[in-house]
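The structure that follows is given in the form of structure tokens.
Every chain is named by a letter (A, B and C) in the order it is written, and numbering of its residues begins at 1.
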Amino acid sequence: MRRARLRRTRRVGAVTLASALALTVLAACGTSSSGGDDGDAGGSGNGAGGDPAAPLDPKAKVTLSIDCMPPAAKAAELRQWNEDVREFNRTYPNVTIQGRSTPGQCLEPPRFTAMLKAKSQPDVFYTYFTDLPQVLDNDGAQDISAYVNERTVPRLKDIDPDVLASLKSEGKLYGLPTSNYRMGLLVNRKLFEDAGLDPDAPPATWEEVRTAAKKIAGLGDGIAGFGEYSAANTGGWHFTAQLYSLGGDIVDASGTKAAFDDETGREVVENLRAMRWDDDSMGKTQLLKWGDLQKQIATDKLGMFLAAPDDITYMVQQLGAKYENFGMGPIPSGRATLAGGNNYMIKKGISSDKVKAAIAWLNFKFTTPGKGHYDWQRSKADGLPVGLPQPNLWLNGTKAEDDAARKEHATMPVENFQAYMDKPVPGKAEPPKAQEIYKVLDNVMSGVLTNEDADVGKLLSTAASQVNQVLANR
Amino acid sequence: MSAPALAKEPAVGAARPPHAVEPGPRPGGFRRELRRNLTAHGFLIGAVLCFSFFSWYPMVREFLLAFQKTEDGRTTWVGLDNLVKIVNDPAFGQAWLNTLWFTLLALVLGFAVPFVLALVINEFRHGQGYLRLLVYLPVMLPPVASVLLFRYLYDPGYGLFNEVLGVFGVPAQPWLQDPDTAMLSVVVAATWMNMGGATLIYLAALQDIPGELYEAAELDGAGLLRKVWHVTIPQTRLVLSLMLLMQVIATMQVFTEPFLLTGGAGPEGSTTTVVYLIYQYAFNFNDYGAAAALGLLLLVLLAGFSAAYTRLSRDQDADA
Amino acid sequence: MAPRAPKADMSTRTLISPARLARPRGRLVYWTCFALVVVLFTLAFLGPLYWMASSGLKTTQEAVQTPPTWVPGSLHPENYGRAWEVMDLAKLLFNTAYYAFGALAFQLVLDVAAAYSLSRLRPVLGKAILGMMLATLMIPATVLVVPQYLTVLDVPIVERNLLNSPWAIWLPSVTNAFSIFLLKRFFDSIPKELLDAAAMDGAGPVRTLWSIVLPVSRPILGVVSIFAVVGVWKDFLWPMLTLPDPGAQTLNVGIYSLATSVPENVLIAALTIASLPTLLLFLLFQRTIMGGLTAGGLKG
């Protein structure tokens, strides 16, 4: 869209020399990115471009556009980005990284949809794990399986295979991860202490959650013990997480039938019903969506809810909360938990040197311990949060190495997350057609949380038949 | 060439001989006609282009989309598949029922309340300006401000409304939080936000009623309610029917208020409206075909109301 | 079609007969009802606004306290400053004004020209074009949102993507058949003699429009302008879809998308600030705005 604006300016003829230069660069990258399949359009034309498995030849001259660069408002993160580009250019002096920034969220679904439709994504573009089907529907991403190996991404074997699996379709790899999450139980330490509970031992089962919630709600003053979403598809999202925690599943193995209308599903809903109506420990305000519970817990009106660790960063930076006030435990009952995250994909049809350059940059910035995103010492010096247990892509040796660095440079009490760290719950990806299914499941959540006489069995069976239709459609 | 344009011709060039309007224009007249038409179309062209791109073309496209499907960048004809799909969507029936329920509630509140307010305001010999100002005030607020304010007022915990009810000893209400009251709460908020315009229009209509009619009714011994029934309502019938149709057309298309108050779907889907469903199809599920098919159904239904409205407003013009 | 002046003078005969009101008992009842209605109206319409302005002054804790406090325990005007900064209200207000007045300019130029042409110049096919324009009034606006959105993504022939550009607001705003209809009807009513005289003086269509038609059309131009500005100012769905870039958002959309990322008191303060411009405008021009509403027929 920025390009469109510039183009219009040019038409009007009111361009200064500087923006004319910028235009030329943009126009050049526009032309080359639309040219042909991978390989043959190689900008530098050197021989190494032929072997996808080989790392980028430092002599190759490449210009790479990439979105989700930190905006000016996030001064420290932008400075880090620029420092990283400079350091990267010491190894690859001929690669020009052209970052594009967005003031708010990097990815908003309507904008993302439009971008894919217009094929206006930059060479390297940011997505959520769950966006892969949509990207492939629009033929928007390059299969990078051949390009990613131990030579181009040295820590590949230590990246959590669950994370990589979210970026694969039919065995082909379409992206490199930048962050991930596994949902856990976020607790308000102050309210736990006020209610006589131990914030270092968050409830480990749903039974314990219910008991703790009741105690916290007993503090009065409009304080809720446990909170849940029930609107804007986030209700269905959390229903999924709760179901996973009890070992249930949303869709059966064949991918064509709903699998939540069973004992496990009823246990989830029944437990919510009991907390909301028998104990009155979930507050009176429902129909909440992402952001609402964060506000409640930040103002000490909520004891606990299911969340990803980076919610804490959000609450501290946006809502004026304090790191010390929060802690995390694993998701209660812990058979499995919802896992997700973000990544970069590479636009289909760009030259093989560009693909290589993109992988080199992403590897440097997001998958190298001690560098880029993982330079914790620098983040501490810049006043950014260090010490959250996640995002954490690593396993094995790399995990040990990175965890030690996080601990050393932590800017918050890492022991508050000990319970979460101690029990790594297996991650489970979101169901197919996640958003459509979540929309249906919102009704289960809002039903049980807003209607005292809701028929649990009927809520689930209605939702199941609706999900079956969603899965059958298309 | 259209007839009125011809009839107009002599007036423009008064100096022309009378036979100029006869068929078979001389070369000079033809060139003149051409130039006049070019000028006239020159004035029109901007608006016509805008209409072509952003109104007429989308109208055609709406019809096409409803019978197409786009996958992997290829568009194919699918006949009635989209229609079958939306009709089988479990949310379909509920969305229509909700929309009709909303419309009904909006008629009771949004249609009747402004009329009563107008009747009351009209009776006062003082402070009319102030009362009119108050009623119209909410119309000038950005809708997001009003809606988020209402969400804050409705909150069962820290909201003002339950606090006020408490003062009168009425138990706290769940408002937006209950499937039974959610839609009503949405309508109350929407009525507060939008009724200013209707009230002022009714007021203007009331002030056009000849006073003698009331006097005549009083001579017949009519009481207050009978005067309203036999004089006021018949006298404002046209305006009332126009407003009724407009209210139906507008409320059947409601989106912003439920979207912002309850996140769209609401408790157990109780505030899912047809337009919200269209929005979900198009912008959450990327299924433009289904969205267009559902839109087409809404269009067909509302076209009837629109046609009635157009007829009535022509009548009103004739009266004026 | 001239705006009707509000009539509140004693001569207007209404439901209740003046004779009854003149009696002492009648007068007592009148004044009691009057006082009651004034108080009720004030509470119903100004009450929420008081709540908004005052809650914006509370601390975050007090704003979400159960039960709520009627008067802020302590005043925190800095919430307003924070709302202004965090939500970048200056930019949102500027954007909205830019879109609204841009749309106004486009409508005034293109729609007035079109209505003038249809009313006075009467070109070939003029009637058909008018008919097609009026036909768009029959199509519910929300139904057209999807195909219009797809058109904006890739405008045919010129092949431009208007997403995040003000044109996505301005150009579709011109397709306001109701304004064209109002303007045309007004132009139709201008006495022919006036225009003929201008033509005798050798004035071309542009000069006739500029120096004869527009000056006498001021009332209807006012009405159309108000509709144009208020329409853009209050729109939500369309700008949410076509201006997703946070830097290009309107007031409504910007506040909506940031609503979850600020504390409740700051959000309420932001709502107060966002309401001020149109409220002030309304208090200044209330006569024109309310008069224009009834004059403009039934589209409120």
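In this section, contacts are C-beta pairs under 8 Å (C-beta built on N, C-alpha and C of every residue); 3 or more make two chains touch, one makes a residue touch a chain.
Computed from a predicted model, the values in this text were never measured in an experiment.
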Touch-based graph of the chains, sorted into line, ring, star, complete or other: complete
Chain at maximum distance from chain C, centres defined as averaged CA atoms: A
Averaged-CA centre spacing for the pair chain B and chain A, given as whole angstrom: 41
Gap in Å, rounded to a whole number, between the CA centres of chain C and chain B: 14
Per-residue overlap in chain C, given as positions that touch at least 2 other chains: 64-66, 241, 259, 264
Residues of chain B whose C-beta touches two or more other chains: 157-158, 283
Per-residue overlap in chain A, given as positions that touch at least 2 other chains: 110, 222, 289
Residues of chain C defined as touching chain A within the complex: 60-61, 64-66, 153-154, 160-165, 240-241, 244-247, 257-264
For the chain A and chain C complex, residues of the former touching the latter: 1, 4-5, 8, 102-104, 108, 110-111, 114, 117-118, 120, 221-222, 289-292, 294-296, 298-301, 314, 318-320
Complex interface listing, chain B residues touching chain C: 1-2, 4-5, 8, 11-12, 14, 36-37, 39-41, 43-44, 46-48, 50-51, 53-59, 61-62, 65, 119-120, 122-145, 148-150, 152-153, 157-160, 163, 166, 192, 194, 196-198, 200-201, 203-204, 206-207, 210-212, 214-215, 218, 224, 227-228, 232, 239, 242-243, 246, 249, 252-253, 255-256, 260, 275, 278-279, 282-283, 288, 291-292, 295-296, 298-299, 302-303, 306-307, 310, 313
Touching residues (chain side chain B, partner chain A) in the complex: 71-73, 85, 88-91, 155-158, 172, 174, 176-179, 182, 262-269, 280, 283-286
Of chain C, residues touching chain B in the complex: 4, 6-8, 10, 12-17, 21, 34, 37-38, 41-42, 44-46, 48-49, 51-52, 55, 63-68, 109-111, 113-114, 116-118, 121-127, 129, 132-133, 136-152, 155-156, 171-172, 174-175, 180, 192, 196, 199-200, 204-205, 230, 233-234, 236-237, 241, 251-253, 255-256, 259, 264, 267-268, 271-272, 274-275, 278-279, 281-282, 286, 289-290, 293-294, 297-300
